[in-house]
Every structure is written in structure tokens, then in C-alpha cells.
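Presented sequentially are two complexes of subunit A, the first with subunit B as partner and the second with subunit C.
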Partner chain A sequence: MSRDMIVPLESYRLARYVVPIPCYVCGEDNIFDAEYCRHCLAPMALAHQAASQKVQPRMVAAVGATAVGKTVFLGMLIDMLSRQPERVQLMARGAFSITLQQSTMAALARCQFPQKTPNEPDRWNWVHCELRRSRREVPLDLIVPDMAGEAIFEEVEHPRSYRVITAYLKKCAGAMILVDAVGLQEASSDHEYFAMKLISYLVELNEEGKPGWSRRPVALIFTKADQCEECLADPGAFAKSHASRLWQLCQERFAFHRFFASGVAGACAWRQTRRDGRVHMPLRVEPVGIVEPFLWLLERIETRRSRSK
Partner chain B sequence: MRTSKRYVILASIALLAALDMVLGWAVWPPVFVAGAVGLVYVLHRAAQARRSTPGAKPLASSQSPEEEVPAWAPAVARKPAPNDPVGLIETMLAQGRYALLLRPQIARTLGEDQFHRALHALSEGTALVPEGEVIMGPMDQRPEDGAPESDELAARAPRVVRVEPLFLDRYPVTNRQFYEFVAAGGYNDPALWDGAMLPAVLDFVDQTGQPGPRLWKGGCYDPAKEDHAVVGVSWCEATAYSRWVGKRLPTDAEWVKAGSWPVSLAVGSRSQRRYPWGDAMDRTRANLWGSGPKGTVPVTAFAGGVSVGGVYQLIGNVWEWMRGSYPPPDATEAGWIFETPLKSIRGGAFDTYFDTQATCQFQSGETAIARKHNIGFRCAVGVCDLLLARSAEDGAAAASIQVYLPEEVPA
Partner chain C sequence: MDWIEQAIFTSAETDRTSGYQVVAASPGIREDDVRELAAWGPSHGALLDSDAGGSSLNAHPLPSGGHCVSRTTPAGWEYSGRGGARVYTHCLVVPPQILARFANNPFALWRAVVANGSVHVYQEIPRRLEPVRLPGRAAAVDTALLAQLCANPGPQWMATLVQAALDSVTLAIIGGPPAENVIAGLVNCLPPGCRTEFSFSTGLKFSSRRPFRVVALSADRNEQRRVERLYNVAVLALSGDPPVGFAPVESWPRLILRALRSGRLSFLESRMAIHSGEISLHELPAFGLQMLEELDASALNDDPSDQIAVVAEEKTEGLRIVAEADLQGDDADDAAGAVGGDDAADEGPPMIAPAPQTQASRRWTVAHGPQRRKSAAPATRRRCTPPPCEHLDLGDRAVLEKLERLDDLVFDSIAGKAAALEQLKELWPQLCEELEDPLLAESREHYLRHALSAWGQHGKPDGVRDPNAAVQLLEVLCTLFQ
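For the complex of A and B:
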């Protein structure tokens, strides 16, 4: 008897499986209760939130090499925007959107850098947030993932090895490309070459009906600039003098780009620990140049959107 | 861009004036005169523009950056005439070097009035930190996720340090005070600097290449920041200034004691504050990230954050150089790998983000020659190093003793 009661309910549930839910990142169909997209491993919560709240979040990417400071930059940016609501107020949509901020801030407050982001896309922290700006009435919804540097490297070297990165970058309205200022100052060309590879990869990514990356705004952010005063004083001049190939490529490839400098730690030191070996540790946290590139990017994205309307 | 635009406009006017002159010469003389006046005007403005363009007039090979005259210069204490001990003492009082005058060797030779004025300056400028014990180390840190290994935890155990009584500056050293040191030739006096650091002193210049803090221009500070804490000074410069005024940098324990104001409740039990005003962070009492104008403020600002002993801005505004190293050599914390040894800084600055990094106990480090935009200092002097009361004989003998101070010791 009880079995007869259950069958109609399961049938109802089964009916919902028939209706496909498209992933917000790659657009492929998924079943309604999937946690991650079975094609690209992006969280399906993004699609559910977009559908339920009837918003079309825009996407902004933060990309760069391994250990360039993407997680620290994004975590710090989100925390700063949610603490100081004067110009831009950031409010997370969904509990999962707070994880990146929480883990980064907890580590920095203990004078540690956060753990390395795992390569597996289903373990990345995604942020879906609402941005309210003092000058604009309509809030902006934004999606930003904290992608692993090694995954980005793999995708750039072997395109389409990470489907989520390809799909995400195709849809992005703008990007923040992070480059290690200390590496450039020490004349290490690896950082410059990787940024150049990344730019070349972006320029070749095209999606129908969307302008290519040459017309999208790109903020080139030198990280760890607190340890490089020359960079902090004039990022553009620093790029020209220490990364001339990168500077030239940006001039050629991007119509809307600007160089920025940012830093989070006031000073750093190495420490030998029994558990993790040699680890880099911030001695204090003094964020500088974190919000400015993001605000510039938002401004450019809004300008483009209003022009296209 | 603005300069090139100006030149284009001037060139256009010059062209028109020249045409006017040619036309006037041929047709009507008054037109020629108008053209000539226009041309003279253009040449005058062009010369003005060239003078006002930065870098347009390079320094002559014989002219060093040190010879540049600052746009403005505050009045400094009058330089005394040679063999004028009274004038010298007056100058030193005006320079804020009262601690040097109160050294026992010198204080006994001062006149009654001068001695009392020096004492008054001491009580106005410094706060007494009584002797006693203070707990050093992150006593308030709890193990959290990713807690350090057990040996690290053991190493972080708080330790008790005894502090002798001292006078600590009520305020961080200001730009105005540091200017006295610069104007008195402090950067050119090798006696004030550690011998090993002397090669670095030549590099301690401002933005125009003159001796002084990194953010100054033309050997002088921004007039709007006269009473702000001096920043952009290295540990070496802070130490040299301290010596010049007859003081020294405070030790970590002295500074923590002044801020946390420990009180012994019973044997083995102490109450020690997390912040100078209490145990809870109150961002209205300190110039930190999000609570101030994103820069330094006058040293008298944020009076709500004053310590029990009357010391201002121990927390916030600028980090303060300590006398000791980071991490302290007596600490058992091991495993640090430094390319260059670090000096200790404490207190947090206007851009310090976390409350946990702006406590009396939090310690950070910086290289001794770093000249950061958010690191300043204040000075201290031990009570035992000063003569605070004189016998009647001292006053009587003062009239017959010739005073020689460090810069005027006869050969």
C-alpha cells in the first residue's frame, strides 16, 4: 500500500529530470539536481540562481600564472568591497560565494597565505555577487571564479583541456590579468612570457555574437607591488621598462587596457615548517591597489554595455 | 600633454604674428607693430613655459641636487654663536633636545631656569612608563584551523619581561621635529650613525636627492603635514635622530608595557590590555584601514585612543620602529629564513587591515634600511639616564662651569 503512495511522487520527480537545465557557463544541459555541470564542472547553483532571481550575471575573469596571487587578490577584493560600501557595495548571492572571502581572510589574519587552489574545477571557489554602486540605480550581478593557475597554464598550453575555462573566458565581459611584479623586477622573463601566452590565447577565443577580446576591457595587474616601489609608483612605466614585450603586445592586441599595481602584504618572509616545508608568509596585511583595477574594469564594461544598447 | 598643447597654441600665435608683421611691413605700419608685440609676447610666454616645465632646465654639471632651494622652508632653531653656552642651550631646548640637557653630566651645569624648562619640556613631551613586568608574545592567539605544529605552539608561549622605568614620547616624531635634525646637519654627522650603516646614509635622500625622509621634496616636508608623523625614514635614520635628541628607540617590551599597561592582580596573575583603551577594538580610536583618511593624520588626532599613561597613537597612524630585531633573538620561534635581518615594528598603520594586526602584542618586521610610507617612530629615554632633581650645590656650581655639548667639544 505504501508502495502505491510513493510511485506517484517518484514519477513527479522523474518528470523534473526530463526538463534540462543549461549550465550558466558552458550552456550544456544538465539534470535539475546536479551540483556541478557534468560537462564543465561549473557549479549548477549559478544557473539556478540566475533562473530564480531572473538576472543575467556578467562574468569577469582573474587569470594569471601559478602563485601570482589570484586567490589573495580576489579574496581581498571581495572583502574590501563588502566592508566599505561608499563607492561599490558587494553582496554575496548564495552561501558558496562567501567561501573564498572567508578562507582567504582567515589565512591572512593569521599571517599566512591561503592554500593553493586545487586543479580540479569542482573544487574551485566561485563568487556570485550583487554590486550596488552609488552612481547607478541598477545593481550589477557578477560571477568570478578563483581558477587554479596550473589549470589556466594547462588550458593555455593545450586549449580545451579545461572546458570550464574555455567556456568561461568566451563569455567574460572583461578580464584582470595578474603578473608577478617581483618576478619582473628580478628579470625573470617567465612571468612575462606566460602573460603574453595568455593574451594570445584570449585574442584567439571568439564567440558568435560577441566582440572579440581585442574590444573587451583588460586590466593588467602587477601583483606583489608592495615589494617593488617602482611598480607601485607608475605601473605603465614599469611595464614598459621591465616587460616591454608584454607592453607592446597589449598595445597591439587590446583596444581598452590599462596597467595597475597591487599589493596585499606589507612585507613577507620565508619560514621552514615541519609540515609544509618552506612557506612564504606575510608579516602584515596592508592592501594597496586592489579595488582600483576592478572599478576601472566595471566602468569600462558598463560603458560598453550602454553603447551597445 | 598640457605642455605640448601650450606650445602648439604659442606656435600658432607666433605664426599669425609673423604673417601680421610681413603684411604690415608691406601695407600699413601699425599692423606691423601689432605683429611685433604679438611675437614678443609669444617669446615671453614660451620662456615662462620652459621654466615651469619639470626637467626642462637640467642641473648644471657643477650644481648638485643638494644645492636646490626648497619651495619653502620652516624657521629652524637659531644657531648659537661659538663659545655661547647659553645660546647653545636655548637652541637645544628649541630643537626639542631636552633629554640631552637632562643627562647628569650636563644637567648639573644648567642654570636653574634652564633646568626647569628642560624638565617641563620632558613632562610635556613624554609620559612615564613605570617599572614592572609585561607579558610578551601572542598570548591571545588561539589555535585555529591549520594550527601550527606543537613545537611552534610551545615556542609561542608568552614570556614575562621586566621593564625598567622610562619616559616614552607622547607622540610619534613629527615632520617638523625631524626637520630640525635635517636642518642641523644630522645626515652629515658621522657620530650619530652606526659605522656599518654609513655607506647607506648617502642613499637616504628625498625625492629631489637631498638628505631627508623619502617622501620629502627639496629637503623639506609638505607644509600641510607639519604635525603628521614623519614617515619614509629607515631604522637607521630613526636611531640617528634618537641619538641627536639624547634618547633612543624603545624596546619591544617597553613599548608593549606603555600600551597594554599591565597590572599585577595577585602573584602570578596579571591583567594586560589588548589595545591601549581596553580589550575590544574600537576603530574610532585609531587611524586604521577603513577608519581614517587613508593616510597619516596629525599626531594629536584620535585622542580617544590614548593609553593609560597618556601616550597617543600607539595603535594606528604609523608603524613604529623598535630598537630590537624581528623576531626577537630571545624568542624560541625557529624556522625563519631572512635574506637580510629585520628590525621590529609595532602598532599598525593607517593601512593596516586586520584588527588582530593592530594590537599591542602584534609584531612585524622590516629591513633596517627600508623607508616605507607608513613607518615612523617615537623615542624613549630611561629614567635612570636623566637627572630629575638637583641639589643646591649643583645650582650654585652651574654658574662657574663652561658647558660643552657634543657638537662643540673643544679639540
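For the complex of A and C:
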């Protein structure tokens, strides 16, 4: 063995791992090149993007039971806002923020609903976007994940089973709770009970130094309202008549809440296919009530923000 | 006889909720186990191959101390009409004593359960499942499977997989023979007592939500890149040469390499059967060394002439040491295999396909020919050259004391003592002047091995390592090698 051997010392590389990067959602430390938080599995891109700007992004949750239409609602919302600069100008931050919009619109264009969202948080779509109203100068950064209904259910039933949901909902500035209008019309109480559980869960979530959920704005959105005209006409009255327990709970628990109705498909049908079995398909795309709940929520968040200043 | 509880995790509409959930379970499953099954349960689109033939065998520990052995398959369509196959997972909650009867081998247990007719894919899922009774047991090692894997991907790859599995928090395998065979082979290459430490899935997409220790990856390059970027995941593509980073350097992977190369599968099987369940992962390095010695000893007892062949080959390599050859690709064993070295004395079944003849073995055949086997004198197997210690004048107490002092300083420095490192920096240049080069080289080799071993043992359970320790190790090595 030669004594003149040169051993390159590249220990400086290790130094990069010494500086931890906190996850934007759960706040736990991660190494600088992690793609997902190793504690909650939220994308670390959010932390890197947040670190590069002065104003911290706000978070808004879209929650509801499985198959209630969260993915379709969020995908359509992002698509509509990105097409309507005269109302609110939405710009995606990061390529990953466009995936939800892309997959939803591609599926609807094929007369299909988007596929079921997997339970695994590292396979969820996250949207980080910049919102700017024409009359405002300072843009608002928002983060919205498309969470799986089953994961939300598990978290509600067994708190902290999904760290990402616990941490995210603690930090959220507001929420959109989606409830299946068709289920309520058919007198199925499961949807109402789930929404009630969700509200009870939210109210119990408190983070130190932040106002509880009773002071945060909550939009209750009846989805699939295109199949339920009564709901579309007056969502508040529909809630009072078809989900009275939910309506009552909201009155007691939330200072700022409002009922909305939304729909994406103008009409739906069932189709039997060899590849996918019996599939529910939208016959046409007629979005209704998509942007309104979001704009209302945005208005309330902005109001709270300006008051807190 | 103990019972195996069972549960089904799939997507359905039940009284409790809709979507992916534990839809049915036998009454003996604990609540915390049910929640764990739900946490690890694969949901929509989780199968690597969602066609009718696709499936995944999975195994992971449970809070109750038992193990979940499960099979995931596509079964019909998603109930909500959103397209895609319904992912159906049949879970068995296996008490440790039953898994031990099957040599802690989930593959063997699942085969027995299927043969017993105890698992079905239910189209109409029953509200309640009954526990299963499972008689029988399994051999410690599936020698037929290992013989098959000796042919493809080969002993070197299998030893590399074992090394990588031991070194990594998560090991992801791409390509090669069917993932189920490769992972089953990997399980068979571990002592039964260690197998439960290696949770695995053979056909599920990787998700940090399901922290399996060994997983298979699909051919999808995007998915591969995603996993490659993850922290603590080692990705091995079973094509071409095995990566140097996971060369079998530890005693157990080296044993596997030598046993597979020489086709001594029944040696492996018999020793694992004797020590079934006794050896934990912590004890594996020492057990590996013991087994290597036993392997050598049994080879010597079986046919002394085999050692001649090994020595003859070694002499062609000049100053090379067989132990070193193990590290660098086991040329010596290849050579032995080519001339019927310690393989010839093997009591195990013949391999389906012999390991390819390497350059070293070809060199031996051409340069010396088999006739040399008879003429060469039996010699020690380990070293063919005068050992470096022969350069020592054992009567020189001063040198011996210096070497002992060197040992102490190096070990203390590697352990993180800064003062020892400072003293080492002073002593080492002096010794370099006084000692012969071969002795220095051997010392360096031993210290390098110790440093690697110390680094390997240094990781915390979550795989996080202290960079200060790395810097200290690098400083010690730089001092010794400059």
C-alpha cells in the first residue's frame, strides 16, 4: 500500500445534514434534501417554498367523508380560479401544485370522475398557490391538500393516527366541510353523523396561542347538489330540514359558518365496463357553487388577518 | 394448539363507514392490532401490478407481539363506482410461537395456510371471520429456492442483498427474478431468529406510511426516482454487477456468499435448524464468524485436497489473502468451485446452475492445471503468503508494546476520544518509520474493518447517524492512510 495515497476529504457534505429543515405542516425537523417529512409525510417542498418568502402561507382544509367529492371539488376550484383572473388570480407554486387540477380535468374530459384518493399521505396531491385579488397588493399564499376520506375518518375516530391531518388541521385558518347532499336527501344519516363527528373533532383541536375552531371560518358545502334541486335553491334551509342535528351543532360551535351547495356534473349515469366494472360517470360538466364558498372563506380569513394586525 | 386470527382490509360500504377499512375480523384480534392493520393496509392503486394476476405477500409486526402475514390481491371493482380495482388484503395475525414453527418464514406459513384451505377471497364479505388452526412446520431453509436463486440472480447478488438488508433502514429491489422469489430467498438467507426483524412486501407500491424494511419496486422510472430520493432507502436494481457499496463485508453476508457459491445449502440449513430462533440480529456478526469457521472446518474435514486447490489458486494471486478475496468478489471461492474445491466436499444438493467461472478460476486452470492439486502440500487456508506478523521480532518487547499502544489509541479514537486521536497522530508516523510495509498494510486493513464495523453499529434505529462521529472516523482513517 502506498503511503502517498490521497484521500479526498469531503466531510463538508455532512455539514449540510446538520442544519435541520422544519416541516411546514408539523414543524418537526428533517434533513435538507428530504422530499417528504419523515414524521407526517407532508411534502417538504412546502417548507422550502415557505422559507423563501416573507409572508407565511395560510392553510385551508377541504374535509369530508370518502366519495363525497373532495377531489372533484378542489380540482375544479383550482381550475376555475386559474381561468378567472378578474375575480381572484390564482397561480400555482411548484409543479406538484398543478397535478390535482390536471388529473381532475383530464378525468372529467374523458367523462370520468377522478380515481379514488389513496389513504397514504405521501400519495396525496397538495396545492400551494398564490392568490391575488386585483384590488389587493399583497398576495395571499394558500396550501390545500386533497386528503383521503378514509384517512380523515381514521383520524377522527382515533386522533393522531394520521399526524399530517392532526398537524394540518391545527394550523388551518379555515375549513370547507363537504357533505353529500344526495345522501342527506335519501335520508341516510351516515353523512350527517360523520360531519358532526368531524366538527366535534375540530372543536377539540386547539393549538396554543391560536384561536380555536369556534372562531375560525367554516364553509359547509353540500356536494352533488346538481342532483338535489332543493339543496341548490337554499342550502341553509336544506341543512335545517335534512340535517337538523348538523345545523344545530354548527350554530352552537361555530361563530363564522355558512352553508353552500355545489355541483360539478350536470348529469350522471352508470356505465358497465370490462376494465373498471360498474363506473359512475359524469355526462357533462356544469360546475355550480364551486368558487363562492371559497371566496367567502377567503374573505373571512382576510378579515381576521387584518383585524389581528 | 394456538389459533391464527384473521381479518380482511378492503374497500366496502359497511355500517361503520365507507371506503378502505378492516371490514371483517375474527373475534380474538386485539383493538390495537386492528388499528395497526388499518394503518399498514394498502388502499386504492397500491398494488404494483393491478391486473388480475398481481398480488403481494406482506409481513410486519403488530403491537400485540404477533405478526401480520397478509396477501394483497385485486378483487373486483371499487364499490363507489370511481373505477379501478378493489384492493383486497387478507391478513393473518400469527402468534410468535406459530410463526416460529414455520422458521419465522411468512412465505412458508402462507403456503401452509393456503394448502390448509383456510384463506379465501370473499365476494360477499362475512361480518365475522373464524380463527384458523394451522398444524405443521417448515424447514429452516428452503434449499430448492436458494438453489434456484443461485442461478439467477446468483450468489454474489444474494449476498449483496443480505448485506444491504442488514445495512439499510429500507431496501427497495428492482427487477431480476420475480420479487416474491427474491425476497423469499432473502428471508431464507437469514437465521430464523432474525427474520421477524425484516418486514416486507413483495408487490405493493412504496409508501412511508407502511414502513416495510424490504420492498419491491415497479419498473416505473418515476416511481423509482421518487423512492431513490427518499432518505434511508437503499435501492438495488438486480442487473449488471452488484454495487460496491453493498459488497458483502460483514461475516454473515460473507458466509451466505460462500455457502451459495459452493452450493453448501444443506450446511446452511442444518446450522440454521440447530440455532433456530436463538440468534438475534444483534448477535448475527458473531454468529456469522462462528459459522464461517465451521464452514472452513467442515471443508477441511471433508476433503483436505480441496484446500490445496484453494492454496494453489491463492499463490497465483501473489500476496492476496483469501479473506480479502471474499471482500472483493470471492475469487478464491470461485476458483475452488471451478476445480471442485470445498464445493466438491459438499453434502448439499447440486445447484441448478453453477456460478460462472471467474477470471481467477480460469487463471488457475490454465496456469497450473489440476495436477498441481496433488503435489501441493496442505497448508493453512487463510493465508498463502507469510503473514505480516512474521516481520515482527517477537522478542522485541518495545515494538509489541508500541503496537498494543497503537491498538488502544485507534480504538479510543474511533470511539470518539479526541485526546487519543491527538496521540495517534504523533505515534503513527513514528511506527511508519519503524515497521515493515506489509505489517502496516495489515494494520490498516484491520483498523479500516473496525472503523466500518463501528460505523455500521453506530446508526440509531431510525437510521440517523451522528455526523460528528463520521468526521471523527474520517480523521482516524486519514491519519492512518496518509
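Basically, the second predicted complex is superposed on the first by the 297 of 309 C-alpha atoms of A that agree within 3 Å, B and C clash if a C-alpha of one lies under 4 Å from a C-alpha of the other, contacts with A are read in each partner's own complex, and residues count from 1 in each chain.
Everything below uses one rule, namely that contacts are C-beta pairs under 8 Å (C-beta built on N, C-alpha and C of every residue); 3 or more make two chains touch, one makes a residue touch a chain.
On a predicted model such as this, the values are computed, not experimentally measured, just so you know.
Asks: Quick check on the subunit A-based superposition: subunit B and subunit C, clash or fit?
Replies: Verdict on subunit A: subunit B and subunit C fit.
Asks: A:E150 in the overlay: touching subunit B, subunit C, both, or neither? Say first, second, both or neither.
Replies: In the superposition, A:E150 contacts subunit C only.
Asks: Just subunit B (first), just subunit C (second), both, or neither: which does A:A267 touch?
Replies: A:A267 contacts subunit B only, not subunit C.
Asks: So, A:R278: does it touch subunit B (first), subunit C (second), both, or neither?
Replies: Both partners, subunit B and subunit C.
Asks: Look at A:R160 in the shared chain and tell me whether it touches subunit B only, subunit C only, both, or neither; answer first, second, both or neither.
Replies: Neither: A:R160 stays clear of subunit B and subunit C.
Asks: Can A:A67 be said to touch subunit B (first), subunit C (second), both, or neither?
Replies: A:A67: touches subunit C, not subunit B.
Asks: I'd like to know which partner A:E286 touches here: subunit B for first, subunit C for second, both or neither.
Replies: A:E286 sits against subunit B, while subunit C stays out of touch.
Asks: Touching A:Q112 in the superposition: subunit B (first), subunit C (second), both, neither?
Replies: Both partners, subunit B and subunit C.
Asks: Let me test your reading of the model: by the given contact rule, A:V18 touches which partner, first (subunit B), second (subunit C), both or neither?
Replies: second
Asks: Looking at subunit A, does subunit C or subunit B touch more of its residues?
Replies: C
Asks: What is the value, to the nearest 10 degrees, of the angle subtended at the Cα centroid of subunit A by the Cα centroids of subunit B and subunit C?
Replies: Once the two structures are overlaid, it is 130 degrees.
Asks: In the superposition on the shared chain, how near does any CA atom of subunit B get to one of subunit C? Answer in angstrom.
Replies: 10
Asks: Indicate the residue numbers of subunit A shared between its subunit B interface and its subunit C interface, in ascending order.
Replies: Touching subunit B in the first complex and subunit C in the second, residues 112, 270, 278 of subunit A appear in both lists.
Asks: Residues of subunit A touching subunit B in their complex?
Replies: Those residues of subunit A that touch subunit B are 83-84, 106-112, 266-267, 269-275, 278, 283-288.
Asks: Tell me, which parts of subunit A touch subunit C in their complex?
Replies: Residues in contact with subunit C: 1, 3, 5, 7, 9, 11, 14-15, 17-18, 31, 33-36, 38, 41, 65-67, 112-123, 148-150, 153-154, 158, 161, 190, 194, 270, 276-280.
Asks: Could you pull out which subunit C residues touch subunit A in their complex?
Replies: Residues of subunit C touching subunit A: 11, 17-21, 35, 38-39, 41, 43-46, 76-78, 80-84, 205, 207-210, 226, 229-231, 432, 437, 440-441, 444, 462, 467, 470-471, 474, 477-478, 481-482.
Asks: Which positions of subunit B touch subunit A when the two form their complex?
Replies: On the subunit B side, the touching residues are 144-146, 148-149, 151-152, 289-290, 326, 335-338, 342, 348-349, 351-354, 356-357, 362, 364-366, 370, 372, 374.
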